[in-house]
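Presented sequentially are two complexes of chain A, the first with chain B as partner and the second with chain C.
Showing the complex of A and B:
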């Protein structure tokens, strides 16, 4: 444990630690809704789509700033969402195929642009690729400040509109019937996913951020049957993964923080699958064994009872 | 608004003003093919209305378009004489049970409480008053003991009753129900019928998409026969006839027992087998 406190004593490590925790928290919260809406892959696509958006934003401004990247990623996310919608509406393709096409083409475009930037005349380009594919170690205080603002924004919106987000996740048709602008609420959810993606770009990168949108939410579902609890747990699992990722990668040399964070989230997931009450594998085994035992016991009682009755009858 | 456009004979609606639901020329198309064409009708207040027609006739589509859930390519929907948008609070809705994922992390009471969201505004959460009312509605459909039950652990019929309770909580005057009787157990069927009668007693108007021709006579005051276009609409006695059904269903009615469709009023009202 001393290792843990020496890590926190280093101000740089402290920023990275809090940064990764915040990222895990916000992606866990918003990921719960995308998972329940069966749109986990949409989060993945939006994350990949962010790459060309960020590249174009950088090419236009020449500045490496989270704020500008957010605008670029959001615009790219909107184009990607429309692209997915257009393909599913106007072709015979199902949504998964549409997602695959949009994801890979946006990511391909992003890589092309990134190479172009690296070989081009962009003075400030140093480290943009590392930034986009995650380099938590490079995070500084101001980055974490920006991430805090974004996470606070995301969590506040989710808390204020909890009721609406719950409703459109469970029964969007009924929500429409009540007069809610479901399309607008869905767009807002998408925007929040983009916010989480951009907040996480520096720490884990555009590829692995999808894991933090999906894994904590799926893990949390194993522990509860209530949406509110699930969201809090998912945020906590995400934050825990971020904390574990930073701690482990800081204690072993040459381990990257982002991927270790994702692996930590996976470990939480495996534990949840095994140990979750009701849904967990162990709980299911125990329940089965208990049902079997009580069934056998009942049978036994029945047998002895009927046996005794027979004895009594013969004796009487 | 104007009494002149109320249909003659609809005295209750005429004296009060506008009909609970007046639809004029409603048309819907998916892709290029119209699935609903120029549907026009006006219902009387306080009636139970069955929407009948073969598969693919546009029954659910009509309800969804009337509620504004899917875009119509033409037509007008008036609820108590005003546009749908301004009258949302007067409308209750029971979607098809299969339209949602019942493994969603929530319990029965929570689902019922969703019916109160419309009048709570944007930021208020349901409070003690809403919870008491929701429990009351759950007990009206015989589900009071299941309030805390995770919804995936309910049977199909129980899930349907939760949806009905949610519509009751909406405290509406005009209800749309999309196949509430589909695939439910006998207890649920009975609960739904009791509920429909109760709603009628309270003067509410209920429009029900229905599949089972054998029970139409028994359940509904009026029927609306639909097959892309409106085939017939009127009191069950005079509209739900062998002739009209043949017309609506085309050749597809042959598998039905004509006896269950009681041609005239004579065989009607009696008990079901």
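Showing the complex of A and C:
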């Protein structure tokens, strides 16, 4: 624990710590919507697809600026979303195959470009490979600032468009009937996923950022049936995972932040699976035992009652 | 010589992944292939740490175990009410994270680094030789992949009818008494084997490409299962050759180039396939429309 306070004593580390918490919070919030729209793996695909976008942005400009990466990743994300939709609509392949195809070919391209950059003379390329698994401790003040601003932006958009996103999550047809531009809103949600991916690329890395979009939302779903509560819980779980991930990975040398954050989120998930009040395993077992007991009791009453009657009959 | 071994390794990867990939695509569980290819990671690392060698049999066994564990966990969470894609996402990210952490913590013991996980080491395949009594028998990876290919071909060949029925109509298969669940787990076992033997050569994430892309390409080209399997292997081998050539010209990652080549072949099939391609379908539609209007005009 003392280790925790020494970390917080370092001002740069403190910023990184809060930045990662905010990142976990915002991806947890966005993840709730993608989970309810049954698009969890789309987040995974978009995260992998961001890699070539980031590489191309770096190759064209030669600077490691999160703003430029955002543009590159967003363009790649748009192409990827379009590709998934196009393959699903215009061939007999189903969405899962389309996701797999887009994910692996984009990531393959990203790896090619990454090795291309490493072999070529792109001066300041060091650290670009850290984007795969993330290294929170290597971030500097301006990175953290951008990341925090982006995360805050995501949460704000979700708060402002809560009603619209809620509608398209549960009943897109009804939303269309009410006159909302569902296509635009869906595209916007995808865009927010891309922004979350780019915000997290330095801290968690493209390979595992999808977990921050999926796991907290699934965990939150175990605790509640209300969307508002679920989003708050999911955000809280995400923030907790981000905090734990940063803390643990910065205290052990050579440990990438992404995997640790994911494991923290998974721990929360396992706890939720066990302890969730209605769907949790424990709650289900208790309910089963109670039903069984009451059933046996009723049966016993019937049994003894019929037994009494039979005894009476023979006696009579 | 190194060219020959790299191409042979790549082709064997393409064949192993191509065969099982067909069944993944047909059963609409392509993303489970993605999940398994990520989650065999901790199995491989733990096997390294326990056995202390890169002994292929131990590794294979551990990876098989983790592959089946992944399938089992995904099924378990799905039955407990989580959407299928979310349960896939939760399970594989967690297991992959464990694998990456183990690699970072014990990097010195396992001789594996994060690059090897992602890119594979196909370029160094001919350095890691298998020696019997001082006589070199060729690269280890080739032997491993060869044995895997034989096992996959044998299992699929023996139970071809059952796998076929399970792929197209699991309900009918169950009705006539085929143990569908057993065959599901058997397929998952084969996927895990294909993944772990390909893992060292092409890396964790690009295995997915070899599993899904050639099989999907073949799916767009034919309506017959036997043909689809052959085409899937052919596409995989073709992308290996094209990708290796491109990687030499561009001086870039071999595995990455192979997957990119596979992606390009997919795009070509998507556009140009004679039966299911975009262009041929457009032409057919146009012809149909012309015929209909002509018939309509004649009727009037």
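Throughout what follows, the second predicted complex is superposed on the first by the 291 of 316 C-alpha atoms of A that agree within 3 Å, B and C clash if a C-alpha of one lies under 4 Å from a C-alpha of the other, contacts with A are read in each partner's own complex, and residues count from 1 in each chain.
By our rule, contacts are C-beta pairs under 8 Å (C-beta built on N, C-alpha and C of every residue); 3 or more make two chains touch, one makes a residue touch a chain.
Note that the coordinates shown come from a computational prediction; the quantities given were computed from them, not determined experimentally.
Engineer: Which term applies to chain B and chain C once both are placed on chain A by superposition, clash or fit?
Structural biologist: fit
Engineer: Quick one: classify A:10 as touching chain B (first), chain C (second), both or neither.
Structural biologist: neither
Engineer: Report for A:112: first if it touches chain B alone, second if chain C alone, otherwise both or neither.
Structural biologist: Touch partner of A:112: chain C, not chain B.
Engineer: If we overlay the two complexes on their shared chain A, which of chain B and chain C does A:221 touch? Say first, second, both or neither.
Structural biologist: Both partners, chain B and chain C.
Engineer: Which of the two partners, first being chain B and second being chain C, lies in contact with A:298: first, second, both, or neither?
Structural biologist: In the superposition, A:298 contacts neither chain B nor chain C.
Engineer: State whether A:177 touches chain B only (first), chain C only (second), both chains, or neither.
Structural biologist: Only chain B; A:177 stays clear of chain C.
Engineer: More residues of chain A in touch with chain C or with chain B?
Structural biologist: The partner making contact with more of chain A's residues is C.
Engineer: Nearest 10 degrees is fine: what angle do the Cα centroids of chain B and chain C make about that of chain A?
Structural biologist: Superposed on A, the angle at chain A reads 90 degrees.
Engineer: Quote the smallest CA-to-CA distance from chain B to chain C in the superposed model, rounded to whole Å.
Structural biologist: 6
Engineer: Hey, what residues of chain A end up touching chain B and chain C alike?
Structural biologist: Common to the two interfaces on chain A: residues 38, 221.
Engineer: Please give the residue numbers of chain C that touch chain A in the complex, ascending.
Structural biologist: 25, 28-31, 33-34, 77, 80-83, 85-90, 93-94, 96-98, 100-101, 104-105, 107, 114-115, 118-119, 205-206, 208-209, 211-213, 216, 219-220, 247, 250-253, 255-260, 262-263, 266, 270, 276, 278
Engineer: In their shared complex, at which residues does chain A touch chain B?
Structural biologist: Counting only chain A, the residues touching chain B are 36, 38, 160-164, 166-167, 169-171, 173-174, 176-180, 221, 224-227, 229-230.
Engineer: For chain A, which residues are in contact with chain C within the complex?
Structural biologist: 35, 38-41, 43-44, 48, 87, 90-94, 96-97, 99-101, 103-105, 107-116, 119, 129, 132-133, 207-208, 210-211, 214-215, 217-218, 221, 252, 254-256, 258-260, 262-263, 266, 269, 273, 279, 281
Engineer: Tell me, which parts of chain B touch chain A in their complex?
Structural biologist: 64, 67-69, 85, 88-89, 91, 93, 95, 99-101, 104-107, 110-111, 114, 117-118, 120, 122-123, 125, 150, 166, 170
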